[in-house]
Structures are given as C-alpha cells and as structure tokens.
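Here the chain labels run A, B, C, D and E in written order, and each chain numbers its own residues starting at 1.
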Amino acid sequence: MPPLIIAKGLSKSFFAGKETISVIDNLDLSIDEGRFACIVGPSGCGKTTLLKILCGLEKPTAGSMLIHGQPPDPKKQRFGVIFQEDSLLPWLNLLNNVKLGLELCHIDNAEEIAIKYIDLVGLEGFEKYFPHQISGGMKKRVAIARALAVDPEIILMDEPFADLDAQTRSMMQKELLSIWSKLNKTIAFITHNVDEAVFIGQSVYVLTKRPTKVKATVSIDIDHPRSRLSPPFISYREKILGMLQEEITSL
Amino acid sequence: MPKLDRFRSTLIGVASLATFVIIWQVVTMVANSPFLPTPVQVFEAFIKISTIGDIDGYTLWWHIGFSLYRVLLGFAVAIVTAVPLGILMGVKPVVKSVASPVTEIVRFIPPIAWIPLSIILFSGINRYIFLLWIGIFFPILLDTIAGVKRTSETQVNMAKTFGADNKAIIKKIIFPSALPEIMNGLRVGLGVGWMCIVAAEMMGGEPVGLGRLILKYANLLQIDVVVLGMVVIGLVGLAMNYLILSVERRLFKWRVEIKA
Amino acid sequence: SGFFNKSSAIEIRMGCLDNDLHQLALHVAIANDYFEQNGINIKLLSYDSGPRLMQSFVAGDLDFAYVGAPPAINGRAAALSGTNSNVPVIVASVNLEGSSLVTRSGISSISDLNNTIIGTPGTGTIQDILLSNFIRNNSLTVTKSPASISTLPILLSNGEIDGFIAWEPVPSVAVNRSAAQVLLTSHDLMPNHQCCVLVASSKIIAADPDTVTKIVQIHKNATDYINSNAASAKVIAADYTALSQPVIDIAFSHVEYNYTLNVDSIKTFLLQMIQLGTVTSINASQVDSFIDAFIDTSYG
Amino acid sequence: MPKLDRFRSTLIGVASLATFVIIWQVVTMVANSPFLPTPVQVFEAFIKISTIGDIDGYTLWWHIGFSLYRVLLGFAVAIVTAVPLGILMGVKPVVKSVASPVTEIVRFIPPIAWIPLSIILFSGINRYIFLLWIGIFFPILLDTIAGVKRTSETQVNMAKTFGADNKAIIKKIIFPSALPEIMNGLRVGLGVGWMCIVAAEMMGGEPVGLGRLILKYANLLQIDVVVLGMVVIGLVGLAMNYLILSVERRLFKWRVEIKA
Amino acid sequence: MPPLIIAKGLSKSFFAGKETISVIDNLDLSIDEGRFACIVGPSGCGKTTLLKILCGLEKPTAGSMLIHGQPPDPKKQRFGVIFQEDSLLPWLNLLNNVKLGLELCHIDNAEEIAIKYIDLVGLEGFEKYFPHQISGGMKKRVAIARALAVDPEIILMDEPFADLDAQTRSMMQKELLSIWSKLNKTIAFITHNVDEAVFIGQSVYVLTKRPTKVKATVSIDIDHPRSRLSPPFISYREKILGMLQEEITSL
C-alpha cells in the first residue's frame, strides 16, 4: 500500500512587499496511513506553512502534496486541524464552538458529542462561557475538542499543547495516544517539545531552517507507553536535539 | 450593577435632552424671529395637529402611520437586497468588479433627483419604497462589505478544514463576524431613510405623511409645525433605533467593551 | 339608495396644489358637496408644486388637475414628445393674476428697484416671466434670485433679498409677519394675465366627455359662488389654508377668480418660455397651433 | 500579478457600466416616454449644458464647481467634528450618555426640513455647509463608534502597560484600529452628502450648483437634463470615492483579504 | 528593605452571565526587588489574572496588591509585559511595533534601540514584515523585543517562550538571564514548563487550582548557569511536578 500522504519536490514561497521569501524548498516527505508523525523544526522554518498545504489551505508554488493520490481537499477527506493561533469564534460559547465543527461536517447528535469532548479536555462546567472569559490554555483545549469531535481521518496539530501546563499536557498526550491507537488515525503533530515528540511520535521529521526541507526522519522504535527516563528515549531525544542545534546555530 | 449603570445613563440622557430644550427655549425667546418657534409653540402645534388635525384634517397619528409604513417597507427591501449583495461583494472579487461601478455611481445621486424617474417607473407605494430604498440601501451595503473585510482569515480557514462550502462559511463565519458592522449599517441606513422621507413624500399625491406635513406647513411658513414634524421624525427614529440597539445588545453580549 | 348612489358614482382623480389660495373653487366645490350632487366621487391628490403635479399627471395618475399655466404648458410640450395618452388639455380658467411683488421698507417706487436683488420662485415660473418683462420694460438693473417658495419671506426678513415676487398667499404672509409692503401686484405687471387653469387629460376627454362637462360646470358654479359669496368663500379658504383672516383679506384683493381664459396671455407666456429656452420642443411659429390644440373650452 | 488583477477588474467594471448603458438605451427606446431619456439624449444635453449653458446661462462646469466646493466644505467640517466625537463616544460612556440622545434624534431629521431653520441660523456658504454636514456627519459618527468598539482589548492593555495615557491610547491604538470603519464612514458620509446636495441647493439664492440644475429642469419637465445632473453627480462622487479608496489601499495594505 | 511586590489577601472574581466565578482567593505573595520569580500552576487556575493585577490592568475584588507600597500603575513604574496572546498591532510592521513601546514610554532613539532588540530576538531582516507575514514563534519574539526594549524595572511574562522551539527557547532563556543579571530587573515569569522554571527562576511559586492561592514557594538554590542533569536540579523539578500533580488530579 502506498503512503497516505506524499509530498514530492514541494516548494512554497510568499510575496512580501517587493521581495519573495522562499519558505519550503524542494521538500520530500511521506506518511503512512495510521502513522503518528511528529514534526519539529526551528521557529519560523515553515512548519505551519507545511501544515496549511497538508490540509489544502495553501497551494504549493512547485511540486506536489498528495493524499490518497489526490491534492488535499477537506471536502473529500475529513481533517481535524488544530491551529497554532486562536481560532475560536468569539460570538459562540464553548459548547457552540465545539458543535460548529460537527455541524460543518454534517454530523448528527452534535450536542451530545460536543459535551463528551468538552469533558474529555477537562472543561465540563464551562460550556456556556464565551472565549473571552476563559484562559489561554482553556481556549486551546476547546480547539482540540472541536477538532477531535468530528472523528477525523487525518489529524493535523500545530503545537496543540504549547499553552498547557506539564500535567494537563501529559494528560492530553495520553488521551491523544489512546484515540490514535483505538481508532487508527493518521496524525501529523507539530511541536517544539522534542521530549513530547519522542514521547508520542512513531516517526519524528526534523526540518531544516528556512527554506525548509526534511533534514532527517527518525523512527522511534519504542513501544507505548514510553518511559521518559529509559536510555533509548534519552538517546533519541539527544539525537534530535543535536540535529536541531545544528540548524539553529547556523541561523 | 449593569442595571444601575443603565439607569444612570438614561438619567444623564434625559438631563441632556432637557438641557437641549431649555437652551432652545432661551435662544428662540431672545432671537424673537417670526420664523423661529420656541419649544412651547411647537408643543402647542403638537396639541393642535394631534387632536384637531392639519389643514387637510389628518391628525399627526395618520402622518406618523403612513411615513412609518413607507420607511419600514423601504427598510425591509433595503435589508434583503443590501446584506446579501454586500456579503457577495465582500467575498467574491468578481461580483465586486461587476457591481461596484454601478453602485458607486448610483449611491451619490440624490433621492429628489430620482422623483421624476420613479414616477415613471413605479406606481403607488412602490414609488415610496424605491425612493426610501435609494437612501437606505447604500449605507447597509457599504457597512456590510466593511464587516466582511474584517473577518478573520484564521476563522475562515478553520471552517474550510471542516470541509465547509462557501455557503456554510458565509452563514457560520462571515455573516456572524460581520454582524456588528451590518447592524451598524442598519442604523445608519435607517437614519438616511428617514432623512429621505421628505424627498419621497415630495412626490405628492397622497396628502399624508410626516414629510408632507413638513412641506405643507413650510409652504405656509408655519415653522412651528415644520419643527414639530422634525421632532416627531427624530423621536420615531429614536424609538426604532432603540429597538435595533436592544437586538444588538442581545446579539453582542459576547463583545468586550474597551474603555480608555 | 345610498348603495345605488355609491355604485353608480363616477370616480375621478383630481390633482391640486397644497393649500393654494388660487384653487379656492375646488375647495368650495368640495365644501358645498357639488361633486356628490353630480354623482362624482373625487379622489383628491395634492402636490407641493405644479411641475411635480404635471409629472404625475402625464404619468397617468390624474384625470383632472388645478395647476398653473406654465407647468401645464411644459407638461403638454413634454407629453407630446413621446407616446403618451395623458396629454393635458385646458378646459377652463381658475384664476387670473394672483401674484404680488413685495419689498422691504425703503423701496416704495419702481425706480427704487434699481440695483436690488429680487427673489423669484424659479426660472420659468409666471412670476419670473412677469418680473423679467417688467425689468426689461422699465430698463431696470435687478438681480433675480431664484429660491424655493417657502424660503422667500425668510430671506426677505433676513435682509438678503430686497423683495420677491410670488403667488398669493406667500406675499401676504410676508406683509403680515414682517415689515414688507406690496409694491406691485400682478395686475400692475400684466393686467388679467392667466394664472391657474383646470386641465383634463386627453384620455378622459376621449373616454368620458360627459364627466368633463360636469366637472367644468361644477368649477364654474364654484367660481360664481366665490364671487357672489366672498365672505363664506373666505371662511372656506381659511379652513384649508390655515391662514389668518387678515392674510386672506390681503390675498383676496390680489386674485381674480374667473373661469374665462385669457388666451392671449397664455400665448405670451409660451412665447417667453420659448425665448427663455424653457420650452424647447416647439418654435415660435408653432405657438398658435399648439395653443389651439391645448385649449378646449367647449365643455360645460 | 496584483497589477494584472487591478487591470482585469477595471476591465470588468467598464464592461459592466457599458452593459448598463446599453440596457438603459434599449429600455428607454422601447418605452419611448418623454420622461425617460435615452443615454444619447442625455449626452446631447451634456453637450448643450457644458457648452451653451443652462437657462440662466451657467455651464455645467460652474454647477460642478459650486456643488463640489460646498460638498467638500461640508465634508471637511463633518470629518473634524464626527471623528473626534465618535472616538470620545466610543471610549467614554459618559460622553455617549450625554451626546447620544441628541444625536440619535437629530440624525433622522431630513435635510429639507432644516432649510427654514438654516436660513435663519446661518448665512452665505455656512448654510450649505450646515445642510451638507447634517447629512455627512452621522454616518461618520456611527461608523467611528462602531470602529472604536472593534478595538482589541489586548492591544489597549498592551499600551496601558507601557504607561500610555488616554491620549496616547486613542492616538496609537484606538484610532488606527478603527480607521477601516472610519474610512468606510467617510465613504458612506460622502455619499449621503452628495445625496443632500439637491436639498441644500433648494434653499436658493445662488442659481448655480448641480442640485439647482436638477431642480430647474425638473420644474421644466426636461428630464434629460435632470438625468444629466444625476449622472454627473454620480461620476463626481465616483471620482471622490476613488480618491478615498486609493488612500485606503495605502493605509490598509497590512490587511489580509478573505475569500470564500 | 521590604519586598518590592506584596500581595495580601488578594481575591478576584468575575461575573460570567448569572454566576460569579472566583479565580483568586485570599492569595498572599511577596517578591523582593531584583528577584527572578517563576509562577507555575494548572491551566486555567488564574495565573494570567494574577499578572493583570500585578500591572494594574485588573483591580482586585478584595485584598491588596502593592508595588513599592502603592497599587500598581504603569504610569509610575515602568513595566515590560509580555502577554500570553498575540498583542502585536497588525497595521504596524515589526520595526514599528517594537518602536511603539519605546514611543509610549517617551524614550529617544527609538529606531536604534528597536533594531537592537529585533536583532537580539533573531529577527534581523524581518523589520519591514507585517505581523500576518510571520510565524507564531516570530510574533512572540517581537513581543519580547518590544517589552525588553523599554528597559523596564519590572518584567512580567506570561508564557513568553511557549511558542518557541527548544533551541530558540534556550537561546532566549539565556538572553533573559543575562539581561536580568546585568541590569538587576525584577521578573515575574509565568510558565508551564517546570524544567524552564527550575532552570531560570530564583523562586518558583506553585499555585493551586482555581480559585488559586500560593501552594508553595520553592527557592532554587543553584547558581546560574544551571545544568539540567544535576541531581539538585532534577530533585527540584520532581518536587514541583509532584505538587502540581496533586492539583491536577484533584481537578
């Protein structure tokens, strides 16, 4: 079976005023179906841009990104995307924000499912609150609930846990892992936290600095649940940190 | 707490209006022009017109009723035409390219200038609707476009990732996001609509309507009734505005008020 | 029988100007139930100016109208230039004269008018034509200042114009409310000139000449009533114009209620209007034939 | 690439206008009403009025010049009054409580109704300024308030932590943040201002101005010149609007356009 | 010398619809002048609310917050605040965003200083870019540059490094430490990252879940630069993680 996601010679540049900025340059990448892929790379290298191409929000300037052999299209594949920035609708309360995703996907029982996922991210009791009445971390969790609630085939997450404290984060990591292993999702997970990447990912794609391409793909061959103190864990972590270090110092 | 605030602000508002009326009384008493009525004279005119009626025998309530009816119809037609077109123009550059040369010319043309054409093109109530629509339509259209442009790209992107089609994006993201500007457009449009009532009723025919009342008495140089007509239009407008604002208050309780 | 009367009553649409003292005959006819007595129901449509009335008339909103002669001329000239069956035809005179030139104190003779600013209710109105003729005939230097009728007395009381010419009762209002005086009446400017006329649409003339006859007859009766019962006519006038009795008294002395047309003055106006460029669809040589077709006093 | 787009959209705009004119020609030729002039007749009127002049001898250019001058003055006075007041009303609830009862009544009152009072209260050009101001002021005021309400609380908070006083917050955060709505208000206000030009010039005195041109020829039932006046007002408005839009384009190049 | 910052019986509650939500409850806290204080606590416990009270943006419902014995007032003390959410002005390019802070503080040579701090956070070359043209981590760094550029007496940071990759983060941590030690700033630093807190803070304030108060104040008695692998480091970390664990499980 061919990989679910295949990027070939992918390039992307933007116009900024008079100059052109090249963000992704001839990037190749493939992710198998059901794989938990983590993506790490220096700040501003092009991770978010890659994610937007993955779900069809941006078109490549050159090369191709194919899912099931076709250009990405959320009308055909069901995505669950968690954006790096705040993407809640300020005029809807938490419950309706989560219901919105379900409604857009034409899923029945929206209310029931929404409540279930709000509970899952630990926000029971806040259903009637509006986004401006909750904290940064709570907002992120609502976005996570909204994306997971639609039972997506492909989950794309852009630093979903960045705003969460260590405990909530590890709780969420476990939830995500259990959803993934039970329901056989394909996940592309962008994170800054190498520790996190090694803890949950099957493969870690290390990106170079901008214009970015894949510097290395590291398969993490440890069974879940993983222990952060085990020697292979530490060695994977050090290896990836070392690769990133090269990128940042050459910045 | 918010209740008390509402109460206080109403109090300030009433005091401000009262001050306005007192200043008016003093100025007109000092000026003593035969054409500058005092508030007391306007009040007397109010008593007369609302009980006995005007020179044609119509009381104030008929005038208010007819004008209100015309404005409401014009307003309704303007809303159902301007909001969808505004959203489309905000969202589809092609629609904007096609429509805006025409709208951007027509929106400057005074309603009075339309009178001859509207008499030819329409009949009965449609003439009034057309002339009022001309006034109300464009503020709503422009404010709607401005609201659409305020829409956050991230929010639209979010909806797209859920496979939302254009219709759903407009309904669930763009429309609610632009709603504050649209509501503002309604308020501006309503004001311009009432501003056009004299022009619309200048067309003549039916002898009733607040605009007609003003015209009749302006021609007779009985400015007290003219000012009465102005005050009544202002107050009816105020009441309609209040209705829109209370809808707004319900819709926009999610908004954070800034203070400086 | 009430039911019978109602269903057999003829419904006609009658145009008039808001509170116009010139059109007293119409209001007398209404007040005295002349229309009902002739089995006619009138739907009264009123306008704030003659041109807007004529616009509506030509668009087919009216069967008859009381209106000034120049708007009627303009209306006919315009209506004839397209396919239109609502062409106005003059069937009777409503009044003669009825305008005055009022001035601020200090202007008490014709020569005082030199180097003054005189307001008019618009280029191409009877008053504008009367004033232009007068200025030319007396070799005066006068600046004409067109304004809307309702602002003329205010402009005068502000001292921005030295006088104005307008139809009654506006000059009388100015006399009554501020220190203005009547310098000349339209009788002085052009004796017995035509002012308002009763027009019928060519459509109703073709379809129902009997009704036209009835309406003209009613109009004549009402005019006779005014001239023989001035006191009660003034009461009716006060009722529909909301003017005070003194104003009505002054105004009455300047208006001549007469149903016989002064055809010559209409021709004069038309010629002037052609010269001024306000009527462009016919030329001077066509005036006679235009007027002949325009006026039909064979009814009533 | 953006250059090509601008070109394409201009092309579409011109095509759209041309279609409009063609439809107009066909409809009026079929209708053959003396009150529905064809574009050709309007063009002939244009030739006549712009070369020979109107019945009082004034050419079109005089009419344009005078009206433009009046509208520009009214516009300028409206901007310098409405924008500061709108910002204050958006920022200070007390100012809003005091001012809004008066503004929310006055803004419905038709300009024509103000004619008698404005003649008594003002003289010369000030009358025109006042009547046009009445039309232009309120859309700018309301849109400014709406813009101020859109200001992000976080951005204001950020400025406060740098010790910014109210003046600095207004100047550096609230004003630029509200600028898109303010500019929109200017565009709406300009439209309403031109819409009031006939009412303003109805006051009379000076026989020149596009509003007077329309009135003169409406009274003479020569609708071709009326329509010429309408078209000219529309085109002058379009040109002014274009100027505002090009200022906007410069100011708002930071904005992300959404598309659906 | 009394502590620079003293909170006594501090309480804060909000109205949300009909109910009242108590966020801070009778919190006591003091921070000495020149101290590097880290604040950790569960997501949604009230950290951001505390920070807003610290710089005078919110008023306490009860109790007091005093700086130099007076209620906080940015017109009197100079603060450098980094907000959790995006606080850049979208209509200004990066350079002008940084200059804005300097101008609001009436500091001369704004351009020169702004460029210096933009370089410091690694964004040279992006001065003319607008916020919508840069990545999430770059935006955060601009906000950091803007806050530090005004040479504040008190620096308040709400998860400033959450959006940064490990390398950029550790670079920024070092910069912050060097600024702090050179210029004797008082810093209140909110973070989720216990590792980070132990790495840079002199004291770590552990907050309870909502309604929050200070659960414990941990002094980190290790000299800078600290090694993440040293036994005392690990023990501090484990201790604080343990305390947070209690809070989160009782959530």
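Heads up, the rule we're going with is that a contact is a pair of C-beta atoms (placed from the backbone, for glycine too) under 8 Å apart; a residue touches a chain by one contact, two chains touch by 3 or more.
Because the structure is predicted, anything quoted here is derived from the model rather than measured.
In terms of the stated touch criterion, the partners common to chain B and chain C are D, listed by label.
Number of steps on the shortest path from chain A to chain D, with steps defined by chain touch: 2. Chain centres here are means of the Cα atoms, and by that rule the chain farthest away from chain E is C. Of all chain pairs, the one linked by the most C-beta contacts is B-D.
If you average the CA atoms of chain A and of chain B, the two centres end up 49 Å from each other.
The distance from the centre of chain A to the centre of chain C, each centre being the mean of the chain's C-alpha atoms, comes to 83 Å.
Here the CA centre of chain C is 38 Å from the CA centre of chain D. Among the residues of chain C, those touching two or more other chains are numbered 52, 55, 59, 150, 154. Chain B has residues 33, 35, 115-116, 119-120, 153, 202, 215, 218, 221, 255-256 in contact with two or more other chains.
Touching two or more other chains at once are residues 85-86, 132 of chain E. A complete list of chain pairs in contact reads A-B, A-E, B-C, B-D, C-D, D-E.
Residues 32-35, 55-56, 115-116, 119-120, 123, 202-207, 212, 215-216, 218-223 of chain D are the ones that touch chain C when the two sit in their complex.
Of all the residues in chain B, the ones that touch chain A in their complex are 154-155, 157-165, 168, 172-173, 176-177, 179, 251-252, 254-256.
Those residues of chain E lying in contact with chain A across their complex are 14, 16-17, 40-44, 47-48, 84-86, 122, 128-129, 133-138, 141, 158-159, 162-169, 171, 192-194, 241, 244-245, 247-248, 251. The touching residues of chain C, counted against chain B in their complex, run 18-19, 44-48, 52-53, 55-56, 59, 61, 149-150, 153-154, 157, 170, 173, 177-178, 239-243.
Those residues of chain A whose C-beta lies close enough to touch chain B in the complex are 52, 55-57, 74-76, 78-81, 83, 85-87, 89-93, 100-101, 103-105, 130-132, 150, 156.
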